[in-house]
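Two complexes come next, and they have one chain in common, chain A, joined by chain B in the first and chain C in the second.
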Partner chain A sequence: MTPGDAPTLSDRLTAAAAWPVRVLFQILDKPFRLIQRIGGIKTMPYIFLLPNLAFFGLFVVIPLFINFAFSLTGGTNLYLTDRVYTGTEQYAFLFDCGNYADPTSCREDRFWRGIYNTATFIFFQVTFLVLFSLITALILNRKIRARGFFRAVFFFPVLLSPVVVALIWKWILLRDGILNAALVSMGFDKILFFVSPEWSMFWAIFVSIWANMGFYTLILLAGLQAIPPDLYEAAEMDGTSTERVFRRITLPLLWPNMLVVIVLALIKGVQIFDEVYVLTGGGPGTATQFIVQYIYNTGFTNQVQNFGLASAASVVLGVVLFVLTMMQLAATRRRDNG
Partner chain B sequence: MADTTADRRSIAALVTARRGRGKLHWTDVFTYAYLVFGVLLMFGPVVWLVLSSFKSPAGLVEFPPTLLPLGQVSVTVEGYDDPLPLFLTTLEDGTQKELAQVRRIGIVSQMVDPENPGETIRVPIDQREPIREFRLATENYVDPLQRFNFTRYLWNSVVVTTLATLVTLLINSMAAYGLSIYEFKGRNAIMLFVIGTLMIPITVILVPVYLVVTQLGMVNSLWAVILPGAATPTGVFLLRQYMLTIPRDLIEAARMDKASEWQIYWRVVMPLAMPAVAVLAIFSIMWRWNEFLWPLIVLNRSEVYTLQVGLNAFQGELDVQWHYILAMTVVTLIPVVLVFAFLQRFITTGIASSGMK
Partner chain C sequence: MTNRLTKILGSSAMALSLMAGTALAETELRMTWYNDGNEGEVMRGILDRFEEANPDITVTLDVVPYKAILESLPVQLAAGDGPDIARVTDLGGLSEYYMDLTPHVGDPEYWRANFGPFLKWLDPDGDAISGFMTQLTVTGPYVNKTLFEQAGVEMPGEGATWDDWAAASKAVADALDIPIPMAWDRSGHRVSGPAISMGAQMFDAEGNPALVDDGLKMMATKLYDWHQDGTMAKELWGSVSGSTYLGANEDFANAQVVMYMSGSWQIPQFAETIGDAFDWWAVPAPCGPAACTGMPGGAALVAMKDTDHPEEVGQLMDFLAQEENLAEFYGETLFIPGHLGLAESGVEFATDDPRAAHALQTFASAVPGISPVAFDLQGYPSNRVMFNALISRLGEAIVGELTLDEAFDRMSQDVEQQLAEQSR
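On to the complex of A and B.
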């Protein structure tokens, strides 16, 4: 922006948002000067890092260790010092299964139900999420009219809160909702979606794809736009067919981005909770109860708050996420280093 | 976006290359069909939510639902205190007349002709149909503001979002400044540590963070929601990458002029890092406004609910009052729509360049 330009609306919004920050900075100026005078410039980086690291320590690092400690203890007390050391008992309880393929044979069948539900969910959700994101990105990358508008259309649900998304769809899917009205008008019977386990799972998957697709589309679109255009020009000169161009140029060059998107979707999928919890409440029965809801229920809503068991399940979830994140780092490195 | 219009055109020209002259290739048809379907699928549900939120409770339970919010027309008839609902009635001789209903007894209703209020006519209820007009039930929006804790939830959400974003911006930018401007012992270790914490989502440490929050006496206070998520590794990372691009000469020049380190941070580096700070601010606002699982755990009393938790509590009640829920959902959605409308470019480029949400 040159000095002569009139400030745009977003400039003004930024300025308005920056105002309280500026006041805060003024207040903090004095103590920092004092510290610099006493400790010299060498201490300053540590001082600047201190607040953030204190927060990390208090709310991430210490909890990570406590979590592990919790998982080795039993009882219902929240404070660690009041808890009984039980060794690996919680883990043994979680993994006590006659047959791992059959949740009903497990002592803690809700945990395994949660794992199987989550596995089913991410298998379909990630597959179709990536598929539709790819199709949408390809289409938005074409020469279409009002591209900015269409991109915004597919993107905006990303910003909606999971609770809002769930309520929007719940209202559509209710017994007397508009979808059932459409079914009736076409001569079908009403379907009680939230009474059927299969339909509940279907809508859980559908709604989470609806809400998150725009995010992945955006990453893939950026990837598509980074493909050097001269490759396409060369292909055009050779008279290569569109299908072949897609298979030989677009897909291989987009693949690193695809990998990143797939792993990101997996990481988010494993942690699915918000949308589905509001939409189905985990039901009917335990049909859409996922692993995070198992942890939430076990630790916080059940009559007996079993913090030890919830922590043990969190550790299991953490291990899965750790593996996935390693995959993500590898995928990102591969993409960024070409 | 780095690509030029010329580049785009050449890709597009190729990908949309048509077979034969002027004839639409199937991919063109598919493209536009997909886009139209996409608009319906993405916008439709939200439009339906907004339309429904203006319907009266009676209009909401109607099946099949009407598209627009309608309300029954009522008239004031001489001799009756309250306005009476108007019906299009088929009389015994087959003629149709607009009559007002006085009362309904079983399957018969007593009707009165507004032009001739003296006599009442008995009509079977299946011989009459309500006369309706387009009417917005704005009471859906006004009532919750007065009757429930809704204003409280709204206020709590605003407080959480504002304070949390300020704390996040402050401590994250300070950390990013420390990590990008100075050479010091342990810098790489700290950077590795920041990247490491990126990998630990709150879902993995729910119980122990709850313990920490309890120890600090913050359960059922808004601080329990504001503080745990304030130090975001993504924020530090984003700001640091941006600050690294700021020329060192500027900082050296400021030091020559005897500026304190705090002044350099605040007057030199922060203004230059504003684009990245703005992106982080927008993200933080979205994260906090939409956050659900953590507030659900630490906020157990209705007075401290945020909008998301409050909405969930309402929809979980036995007697679900959809007319209020829908209206409150629309209110919850408005800030997000505003942010999106004004700052779309920031958000989309921010996501595309950082790959985070």
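On to the complex of A and C.
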């Protein structure tokens, strides 16, 4: 807008929206100047971070400590002060095993089955998730027809709630679901997917990949687009084969993104609960009962709500997640350092 | 302009303060409720009458899934954040959160005379008046009589055993290509009646819980075998984990099940969803060597001690418990009355469906034959610990994760461990 022009509606709205911000800045100006005068310029970043740190502390750090404190107690009281101190008894109970490779030899067999099921799940889920995400990203990075449409199609499931995703697939896979109807129409017998441990695990992995692949594809696509095109042009001029271009250019330059994807997928895989809980209920038996569902069942669904044991299992899970997060941080740093 | 703005602001503030004043004079009571059939609607109608008679009290009916009553409500109550009133089925297990209504009801003697035996279920260690039964229930089977007729298989008669019914249901299913010959709710409560019929005692001589004995093993083994030979479909018991409840009511209503072990609370739902599509028939509890019993049970409306409005809660509970209101409630919902006066005088059930009338008659007449062991188990406050151990471990055996013997050992260990945790 040049001087003399009449303000448009947009200008008026912008000015109106800026007004509260201006007032806020005017209010905060003096106290912030005072803080800077007292604490020096180096204090200011911490002051700006304070609201976020307070929020993080209140909703993450303090509950973490409360959870740890719960894991050292027993009984059914909800209030920490009313609970009985048991020391490391809950941990000893969880780790009391004749043979760690055989859950039936453990006192808390369901905890170990949860661990093994989670390990199986993340091994297959992460492997195929990364593989399919990479393939999809490579295809979507090419100049194909309706590329924008396909990018949206692959990303769409990410926008759905995990519960909605699980319910959709449950309706497809039930005895009288769409898939069985299709099998019958082709002359096959119905398959009771949720009665078979193998099929249940397969669908838990498949649905999880279907729901989350778009997100990881997007990360890899961004990585692919950041690779300088002149490298590919040079390779083309040299007559390098497609396979060699992928191995020598694409994969090494995409590796930092791949690492982030792998670690993020691992963390999400360990935390898996809602999709599978709705899809299979953890069954058949405990075939798809993962560690988070074990914690939920122990803490909430039994008549005797064993918060101490559930908290101890949460701490174990927290340690695993901490290790994975450190791996992700290391991978990110390596990428940032080139 | 400024003057006009001041006037608008002033009048708005006055209106808001008046509204706030009205709001302050009003007491809102929250009632957590779940539905099996139409009982929520019937209760709402009665509550509307209460609100008309007591304009300073409003009652909000929070309808939640049954799962929330089992899993979320106990946590809310433990956190002191529960409703004023709730409809519960874990009658004794939540008793520590109930309020004693004795000082708040008009005539405690009326309550003791009409709800006496059930008050003990709500307060096993005392004699408090905590609420009343919205329904008495008895577990027992339903059969699809039409399928029996179509298959030309005779329905087993009085005194038939579980084996007789299992064989007959299988014969019908095989003849008509019905996918599920027999289905049981995935619930420890449902298994307990038949287990007691087989001789399960549930408690030792000192009255301590003793879940696994020969009677329970006999029933559990039958259930296991029926899952292996196809009499029962693994979809129900084998498709989820832990103590998750699953019912086969929808499969039965869709004529996918020949015989369905559930209970009297299904009557209103079947009357509505099945109607006269086929003859759904309640049959007496099949027999074992020790008895022919189902499990008693029911749901109760209870007042919670953390309420901020004990007087108003007492007033409401007293209103709801009056004979004329309960007669309407039981009559409209087709629930077996939990009010002794009404049980004696009879309730006029709002149905002309002969199947519903027959089912009500079948379940009501089953009450005198219920085993004392079943009553003791229902009155035991930690009975869900036993039910959950039974169902979860048997489920794991059915899908092949445990042998039956391992499952029995684990059941005992689970009960022992959870009761030890509870007693800390």
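One rule holds in what follows: the second predicted complex is superposed on the first by the 283 of 338 C-alpha atoms of A that agree within 3 Å, B and C clash if a C-alpha of one lies under 4 Å from a C-alpha of the other, contacts with A are read in each partner's own complex, and residues count from 1 in each chain.
Methods note: contacts are C-beta pairs under 8 Å (C-beta built on N, C-alpha and C of every residue); 3 or more make two chains touch, one makes a residue touch a chain.
Source: prediction; values computed, not measured.
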| item | value |
| --- | --- |
| First (chain B), second (chain C), both or neither touched by A:P284 | second |
| Which superposed partner A:L78 touches (first chain B, second chain C, both, neither) | both |
| Touched partner set for A:S105, first chain B, second chain C, both or neither | neither |
| First (chain B), second (chain C), both or neither touched by A:F300 | both |
| Chain B versus chain C as contact partner of A:T88, first or second or both or neither | neither |
| Dominant contact partner of chain A by residue count, chain C or chain B | B |
| Touched partner set for A:E236, first chain B, second chain C, both or neither | first |
| Touched partner set for A:P197, first chain B, second chain C, both or neither | second |
| Residues on chain A lying within both footprints (that of chain B and that of chain C) | 78, 281, 300 |
| Chain A-facing residues of chain C, complex | 70-72, 74-75, 78-79, 90, 93, 179, 233-235, 238-244, 382, 384-385, 388, 395-396, 398-402, 406, 410, 413, 418-419, 421-422, 424 |
| Residues of chain A that touch chain B when the two form their complex | 9-10, 13-14, 17-18, 20-21, 24-25, 28-29, 32-33, 36, 41-42, 44-49, 51-53, 55-56, 58-67, 70, 78-80, 135-136, 139, 141-144, 150-164, 167-172, 176-178, 180-181, 184-185, 210, 215, 218-219, 221-222, 225-227, 229, 232-233, 235-236, 242, 245, 260, 264, 271, 273-274, 277-278, 281, 292, 295-296, 299-300, 307, 310-311, 314-315, 317-318, 321-322, 325, 332 |
| Chain A contact footprint on chain B (complex, rising order) | 1-3, 7-17, 27, 31-32, 34-35, 38-39, 41-43, 45-46, 48-49, 52, 61-65, 166, 169-172, 174-175, 177-179, 181-182, 184, 187, 190, 193-194, 197, 199-201, 203-212, 214, 227-231, 233, 236, 260-263, 265-266, 270, 274, 278, 281, 286, 289-290, 292-293, 296-297, 308, 311-312, 315-316, 322, 325-326, 329, 332-333, 336-337, 339-340, 342-344, 346-348, 351-353, 355, 357 |
| In the complex with chain C, residue positions of chain A that touch it | 74-78, 84, 86, 104, 107, 109-110, 113, 175, 192, 194-195, 197, 280-289, 293, 297, 300-306, 308-309 |
